[in-house]
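Structures are listed in the sections that come next.
In the two complexes below, chain A is the common chain; its partner is chain B in one and chain C in the other.
Presenting the complex of A and B:
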């Protein structure tokens, strides 16, 4: 349960104050939720991708998109039939299944979902969980709640790794059957995953009291005030980062307003 | 006689019972006194209650587990139950058996500082303590690294650094020296020697390295604590351990040493020109020129932490694919190159953690599950399940596997593979958390004339005792070791590999 999304580095995104980054993150989230015309939404997504690509590299840019790819595919397939206005593009047996409006709505959803995932990923990839925790506390969140959020963030990749190990263990136990499972339909394949999912669930549930014990041995639960090993920037350094993030937000706002 | 720093008086404890899994008293009237600056080794067979006692001492049990507890635990004359564990972190600290369960931060320095933050220490003081502790533990270079990227031994040393920074009066270490290679064990023992704190180290195995490393030694057995008076490590000490059934060596075969190796056995699996490295992982690679396993033999694979033992095992059973080279299986008098799917069917791999495979509510269902998938119709599944329950001493057909003790879950895992009858079986640190005798028992039951066993272990005495042939991984390559070399020679060889 120790490693999360964060990877250490020295990029501009890594160096900027987490509170200032949080403002930029919020600005991007607002933009992605606004009912913008499609070209502006695409421009905003490209701006986020450019920022991520330049600071963290192409591999990190593709990672969150690869993770949510099956979901994006489902959105692209299932959304258009519910929006049948506009030019009909595909109409099997006379039924307008795919129209220009349907595709536009699907694309809009995909851009929103990808954009939100991407900016969250960039934030967490470039900010240590302890720094996130500290900046959330700076914004007034209680220590306990901030700790819960921080632990939840580190638990997701732990569960992914655990699932990988459990799946390998089950596959080896039922070797041969695994190949048959691959050729089954979606529902049967999902059912075949139940054993591994159950093992993961048992492990996760059994881990709860152990985690509570681990935290208690490190002093979580004490009534006294806590100090912090980490320090957030202050004074001029913080103001500089705030100014940089304000410029980014202003640029984003200009793009939203001025982009055709 | 000075007053003890830690005193356990008439401690009795029993975990709650579950349907089909009644519990029994774990401790009855247990007594123990630990004095200032004492370094005490507490030995105990697996399931003797070492982890429970460690957690009772730190107040985590029965707080998080439930159960009936009576008796007294006094720390510096004060009843431990008076305050919550988090309020006593300066008085008593615990290092978990599995460090991954206790490490929660994203950087090593922040991990060490986590407990100090709770004490509300000023940042300058924290920086000083963190730097000093990491340096003492030999982890200064890793201060900004994620604990998740450290090796098993380094994680254990990081937990020690956490204790060093926090400086509690009593350190409780639950199997901290297990699953470590000899070099790391020596380093950790040196670290303990250098401290002035009172230490309690729990261990399920006696290692020769322990001799003279501790000021006292106790044995937790049958719910009671027996203290040894005298120098540890000598013949009298070993016979004392044997008398209390802690050391119960079992030779795998009564055949003379020279006959244990079976070069005339039919070849079963062959590795040639295997080269593997993890993408993006600099420095680690595995290069096996030629390796052949014969049917019916038991091979031990030893080596330092991170030398690639588990990687080789995963390649052999098809969970990983090598960049180049070939793994072949003997079929109809010839060699057949095996793809990952074929290796999946041919090899069994007993993961170190038995819980990865447990998912059904009853032991009999868990055992029958694999058989139902692989056995032909009309096969006597019930009969085979009963046989496995009896052979592997499982608590009963209706016992809930996930609530059984660790040792029983390990035996269940072995029983699953016993029923699957794979020709090649890998036991990855299968001896961790269980006694050498229990592991030897499992190996004996899994042995069959046409089945090859590959045992991965850090226990050199066990390797010398159980294996027909022994290999060690060194600098990415695999090197055969003479089986008759004995534990001392093996130790020297593995040290050379470090």
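Presenting the complex of A and C:
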């Protein structure tokens, strides 16, 4: 749908079972939040980057980092003033603004946020939305909640088309006024969006009972156990992927513990 | 016809349908509809309008799920999936708090509702800003998280300004919506 979502491919990351990938994602998240020395954090980030670069290519690897680059700059600039211990590096008018401890904390936060963004992106880029939902179901997500997510993903394109049509109809009535609206303050610009939003939401809310009837004809709400048309297989391939993920997590743990 | 026959039966299927549509609406208006803020070159999104609308019309638990799941989906779709767990919790709690304070809109005069909605907006804003400050401090440090605070407050203001006329419009256009309170 947009850049952050799944892109089909045949890399090793695409072929690994989504459940095994979720374990690896969680392991990386834990590692990035641990209070590790800077070299170990850099090593963990490099491990994630290497995995992403080898499987998805450099272009996909740089995409999430490009998206968060402005925020990383903000972190580098705004974090050190809140941590003023250590050797003073910059002291305008005698006030210690940037110190070694502040810079180290800023670097740590940059690596943490970059690493988390990268691993999330790698997971989402290489896993189909249906596979993500099925793996969450396998881990215990309720049928109803998975159905809500699945229906919401189906409804979003419909809402996009509806909003486009309603907005075009409103713009026809307001021909020549759009430029004036763009020059207004944000409150008036927000209020200018409300008519189109109201039309869309009225259509959406009126469709709720129709959707409910469709669900009831399919037996949703009855007490019988639901079955799934699609299921994730738990055979030899899954066990192999689980073993590979466990080895990767073990390697990560060793790197965290043993790396100087 | 007595009142029991007039009321909509809030079956599991109706509950799932309500949550699905509102989750989709929250996700859509979060990632697709943006208002630029000229001084900062940033954007406000209108996802909070739907969260407050869900809280005022459909109740706290609907707003909890629609707000949390919708914003998390929007983060994933727009390429910021690292924020999805935080959005899931923060916006969910925002919807829950606003819904509890707003109470049920059925059989209540609009003049009394406006005061409740104001209280709900304050509760929602407090929860959302505190949540993002805490979650943001964990992810990007306190300094960078503090910079987002004015934007979050503005976003809540836009959310309430949009949600109130939207709620009143839905009350007139589709009164049975008030019976789907959860």
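Here is the rule we go by: the second predicted complex is superposed on the first by the 168 of 260 C-alpha atoms of A that agree within 3 Å, B and C clash if a C-alpha of one lies under 4 Å from a C-alpha of the other, contacts with A are read in each partner's own complex, and residues count from 1 in each chain.
Rule of thumb we're sticking to: contacts are C-beta pairs under 8 Å (C-beta built on N, C-alpha and C of every residue); 3 or more make two chains touch, one makes a residue touch a chain.
These numbers were taken from a predicted model, which means no experiment stands behind them.
**Q** Is A:226 contacted by the first partner chain B, the second partner chain C, both or neither?
**A** first
**Q** Is A:187 contacted by the first partner chain B, the second partner chain C, both or neither?
**A** second
**Q** So, does A:128 touch the first partner chain B, the second partner chain C, both, or neither?
**A** The first partner, chain B, only.
**Q** Just chain B (first), just chain C (second), both, or neither: which does A:8 touch?
**A** first
**Q** Is it chain B or chain C that touches the larger share of residues in chain A?
**A** On the superposition, C touches more of the residues of chain A.
**Q** Does the superposition put A:204 against chain B (first), chain C (second), both, or neither?
**A** Second partner only.
**Q** Contact-wise, after the overlay, does A:107 reach chain B, chain C, both or neither (first, second, both, neither)?
**A** neither
**Q** Using the superposition on chain A described above, determine whether A:71 touches chain B (first), chain C (second), both, or neither.
**A** second
**Q** Quick one: is A:172 in contact with chain B, with chain C, with both, or with neither? Answer first, second, both or neither.
**A** In the superposition, A:172 touches chain B alone.
**Q** Should A:149 be classified as contacting the first partner (chain B), the second (chain C), both, or neither?
**A** The second partner, chain C, only.
**Q** Share the list of chain A residues that count as touching for chain B in one structure and for chain C in the other.
**A** In chain A, residues 1-4, 151, 154, 198, 202, 206-207, 209, 211-213, 215-216, 220-221 are touched by chain B and also by chain C.
**Q** Would you tell me which residues of chain A are touching chain B in their complex?
**A** Against chain B, chain A makes touches at 1-4, 6, 8, 128-130, 151, 154, 165-166, 168-179, 195-196, 198-199, 202-203, 206-207, 209-222, 224-231.
**Q** Help me check something: in the complex, which residues belonging to chain A touch chain C?
**A** 1-5, 33, 63-64, 67-68, 71, 74-75, 77-79, 81-82, 105-106, 109, 112-113, 116-117, 120-121, 123-124, 144-145, 147-149, 151-156, 158-160, 163, 186-187, 189-191, 193-194, 197-198, 200-202, 204-209, 211-213, 215-216, 220-221
**Q** How about chain B: which of its residues touch chain A in the complex?
**A** 55, 58, 60, 64-65, 84-87, 89, 93-94, 96, 100-107, 109-110, 113-123, 126-127, 130, 144-149, 162, 317, 319, 341, 344-345, 347-349, 351, 353, 355-360, 369-370, 373-374, 402, 416, 420
**Q** Hey, which residues of chain C end up touching chain A in the complex?
**A** So the residues of chain C touching chain A come out as 8, 11-14, 16-21, 23-25, 27-29, 31-33, 35, 37, 44, 46, 49-50, 53, 65, 69-70, 73, 76-82, 84, 138-144, 146-147, 154, 157-158, 161-162, 165-166, 169-170, 173-174, 176-177, 180.
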